[in-house]
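Both complexes below contain chain A, partnered by chain B and then by chain C.
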Partner chain A sequence: MRRFFAVCRYEFRMQIRKRSLWLSTAGLAVLIAVAQGDRGPRYLPADADAARVMGSWALLFSMLLPIGFGMVLADRLVRDHRLGAASLLASLPTRPGALVAGKYAGSVAATAVPALLALLVTAAGEFVHRGDPALFPSAVAAFAVVLLPGLAFVAAFALVGPLVLSAPLFRVLFAGYWFWGNLLGPNYLPSLTGTLLTPIGDYPASWLIGERALYAGTPGWLSFLRPEPGGGAALLSVVLLAVLATPPLVFASPLLARRTSS
Partner chain B sequence: MSLWRYEARRAGWPACLAPPASLLVTLALAAAGAAFGTPRPSVHSLLLSGVEALVPLAAATAAVTVVSVDRCRELQLTLPTGYSWTLGRRLGVVAGIGAALSVLFSAALRLTGSWAGPDSPLASALVWASPLLGLTGLALLVAVLGRSVVLATTTVAVVWLCQQLFASALIAGAWSRPFFLFLTSRAGVADGWGTNRAVLAACGVLFITIALLLLRRPERLLTEEEI
Partner chain C sequence: MDIMISGLRRRFGRVEALRGVDLAVPGGMFGLLGTNGAGKTTLMRVLAGVLPPTSGRVLVGGHDITTRAGRLAVQRRLGYLPQDLGLYPDLTTHEFLDYVGLLKGLDDDAARRRQIGELLDMVGLADVARRRLKGFSGGMRRRVGIAQALLGDPALIVVDEPTAGLDPEERIRFRTLLAQIAGHRTVLLSTHIVEDVAQTCQEAAVMASGRVVFTGPVTGIIDRAQGATWEVVTQGPPPSTGVVVSAVGRPGGTHYRVVSPTKPDPAAVPVQPSLEEGYVALMREAVPS
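And then the complex of A and B:
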């Protein structure tokens, strides 16, 4: 356990100092805040409650921020091989499982910091207009249920996917998947949009907002994964995303061992 | 020819495989759509998106990799051949694969009656050539300017995603319409289509020219991990 925390700590410290992480998060947050259109959270009525306001902002950020996180994390495990550090890491007494788990936890924590900060800064901006101190705890709650599960899901695939596909191919497929699986209307093509498996956080955001946020529960392909939005469905969505993030991490150790020995 | 084969190997198999992989994904999505009762015009529009949207995305991401990930950059900089020529050949391989596949895919769509683009062969080529040039040019410029794979790939992915997300608003805006990458698959060969294709191609040429000017000092591409 001590080794896991040590790996987690160094991974966090390496990532949190990456300029590209901060630049991409800030750029994407500003871009989506400016381009949100008149249906965005900026135009919610003045008497809207804090959970609705911050739930809407969290969903808005969740549309683009994970793209940057996926791109940042796509080379984390591959990079160890490119720099020749993989053999050195393999010689340490830390088991590959603890190494992967530590890198994963450290990566998620480091990418979560700018995302949480973006939401808190937004809450401060909304506080100026609305004067409701509940905006700040709502921002943290919205981050925890909307952004964080999606981030944990994206991080698992972004760390391990490039070991199989290579980083460039993963990045192309990831951008395409993000649009198809999260934002493309399910009435246009069979897609995962609007199901419990969307890492964009549609179900948790719908629960916070009190109405369908985007496509959650819209009739379409895989109808058994499209229950009516609500608290139970939101919880189920978060649990399913956490479960789906596990298999890539389990396969990461043998994949890393194979690459290191070859 | 051996030089081009060598450059293809240096560009790397992922960069060369990205365009065919994107077309395979298009075919898989179209097959799934057809199997689940998606109307034929929507399936044809999706197939057109394969060459107009996915191949340019794949080529642009591959271009970032070619520029940013070179393990022998210091060695290249000591050679009498200009580094921009070397990069140009590698980018040519990536763009050439994307172009050749787009021509073949478009021809196959025509033969099977699934082509939803313009009729003339020249205009058909502009369906994929203009966004390919525009997006790959942008990728090259950001990669040279920022020297960061993350920054360049995020920029490409976000431009691509935002154009998909805000397609209706971008098509409706008089100033944004000429810069919209997916006009054929989203609005057909409508008013201003020729201008849109010309502007995208011109932007691509402009971005590539600026990147080439910056590459007159190729040592600027060296990163902390290389110095």
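And then the complex of A and C:
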């Protein structure tokens, strides 16, 4: 476990120092705040409860921030080869599984920090406007149930995808998937939007807000994945995302080993 | 830590990089010479447990590295400096060494930090311990590389082309450092720079086309050119037979040193060969042109 924590700690440290991580978060957060339209949380009634306000903000952030994080994370496993550190890592008495798990946990933690910070800054802005101190714990709760599961899901695919595809190709496909599978209305084309498998946190946000946040449960393709929003559906969505994120991480070690020994 | 290699083969698709390597490496500093593409790096990577062999047997300190348990046992006592080691630009020197130390299993924080401090002093990088690795020169990067290899006081150190691309001053500094650390350890130095082996090793092996073509004392390589090394002084063109190893222009004409089994010029006089000339003679035998 010590080696897992060592990898996690240093992966976190390396990523948190990346200017691109902060710039992409700040840029997307500002874009969201400015261009949210009159259905956005800025325009919720003054007496709206804190969970609703911050749940709406978290969903809004969750629509775009993971795209930036996916782009940033897409080189984290392959970069050991690019930098020339892969042979050294392979010669150390650390199991590849600990290396992959540590890099994954460090990556998720490193992207979680700016995302949480963005949400807390937003909570501070809303606090000035609404004066409700419950906005801050609500921001943390909304981050934990809406943003974080999506980040963890995206991180798994962003780390491992470029072991199979090239990183630039992965980024293009990932951006395409993101808009098709999360933001494209299910009434236009068959899409994963509004299902339990959408990592933007539509179901958890709907549960927090107390009504359909975006498309959760809207009738469409794969109707068995579109239950009515609620606490159980939100939990099921989080669990399904965690389960789906596992196979890429399991396959990462053999993929890395094959790359190192070729 | 003795190394015994027998019948080692390693294939990459249709290319066979190692073609039945048999080699015994005793303790102390051991040189591995060979041209680019001879299979040295592949052999180093196999010894470091980075590459599994296609077939053959490799025992390091009695551990069979073709088994998972054996490989881990060797890696716990190994210091490895790969060719073209990349460093994480976002980390400082101290952080990088701390990271590698933790992955080597140096769990005692105080002892690890103390050792990192000592190694940074040893390689002359104590002043830049808190500086990020981004922007380090080639020589500084190699010194960070050797410091990480020495973490945990390994019994076996494998260094692959550590002086390639360094300026002469850095090369001499690095060679001296390697000789200092050899002591009670086994240091396997892979290089295509003959001078590095001449200055640091008593025992060496030479590889060509995936095979070991010589193993023994370094003087044995020199012996390969005994009676086959000549000096020719001429104002005309260089001798057409043999391999011209050096040419020095002087007022009376150009002094050529030539390795040739026969007298390359009527004016040629036999001279005492150097290691480089022995190596050239050996390679001519191993890979006839």
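Annotations for the structure displayed:
By definition in this document, the second predicted complex is superposed on the first by the 262 of 262 C-alpha atoms of A that agree within 3 Å, B and C clash if a C-alpha of one lies under 4 Å from a C-alpha of the other, contacts with A are read in each partner's own complex, and residues count from 1 in each chain.
One rule holds in what follows: a residue touches a chain if its C-beta (ideal position, glycine included) is under 8 Å from a C-beta of that chain, and two chains touch if they have at least 3 such contacts.
Computed from a prediction, not measured in an experiment: that's the story for all the values here.
Within the superposed three-chain model, A:R17 lies in touch with chain C and out of touch with chain B [touch as defined at top]. Judged by the touch definition given at the top, the superposed model places A:Y188 against chain B, while chain C stays out of reach.
Between chain B and chain C, the partner in contact with more residues of chain A is B.
In the superposition on chain A, A:R3 makes contact with chain C only, while chain B stays out of contact range. Of the two partner chains placed by the overlay, neither chain B nor chain C lies in contact with A:G217.
Looking at the shared chain after the overlay, A:G150 reaches neither chain B nor chain C. Judged by the touch definition given at the top, the superposed model places A:L83 against both chain B and chain C.
By the touch criterion defined above, A:P93 reaches chain C but does not reach chain B.
Of the two partner chains, chain B is the only one touched by A:L64; chain C is not. In the superposition on chain A, chain A positions 18, 82-83 are in contact with chain B in one complex as well as with chain C in the other. By the touch rule above, chain A contacts chain B in their complex via residues 18-21, 23-24, 27-28, 31, 35, 37, 63-64, 67-68, 71-72, 75, 82-83, 165-169, 171-176, 178-180, 183, 188-190, 221.
Residue ranges on chain B touching chain A, taken from their complex, read 12-15, 17-18, 21-22, 25, 29, 32-33, 36, 38, 42, 46, 54, 57-58, 61-62, 64-65, 71, 148-151, 153-154, 156-158, 160-162, 164-166, 169, 225. For chain A in complex with chain C, the residues that touch the partner chain are 2-3, 6-7, 10, 13-14, 17-18, 80, 82-85, 87-94, 260-262.
Against chain A, the residues of chain C that register as touching in their complex are 12, 45, 48-52, 72, 75-76, 78, 80, 82, 84-91, 95, 99-100, 102-105, 107, 148.
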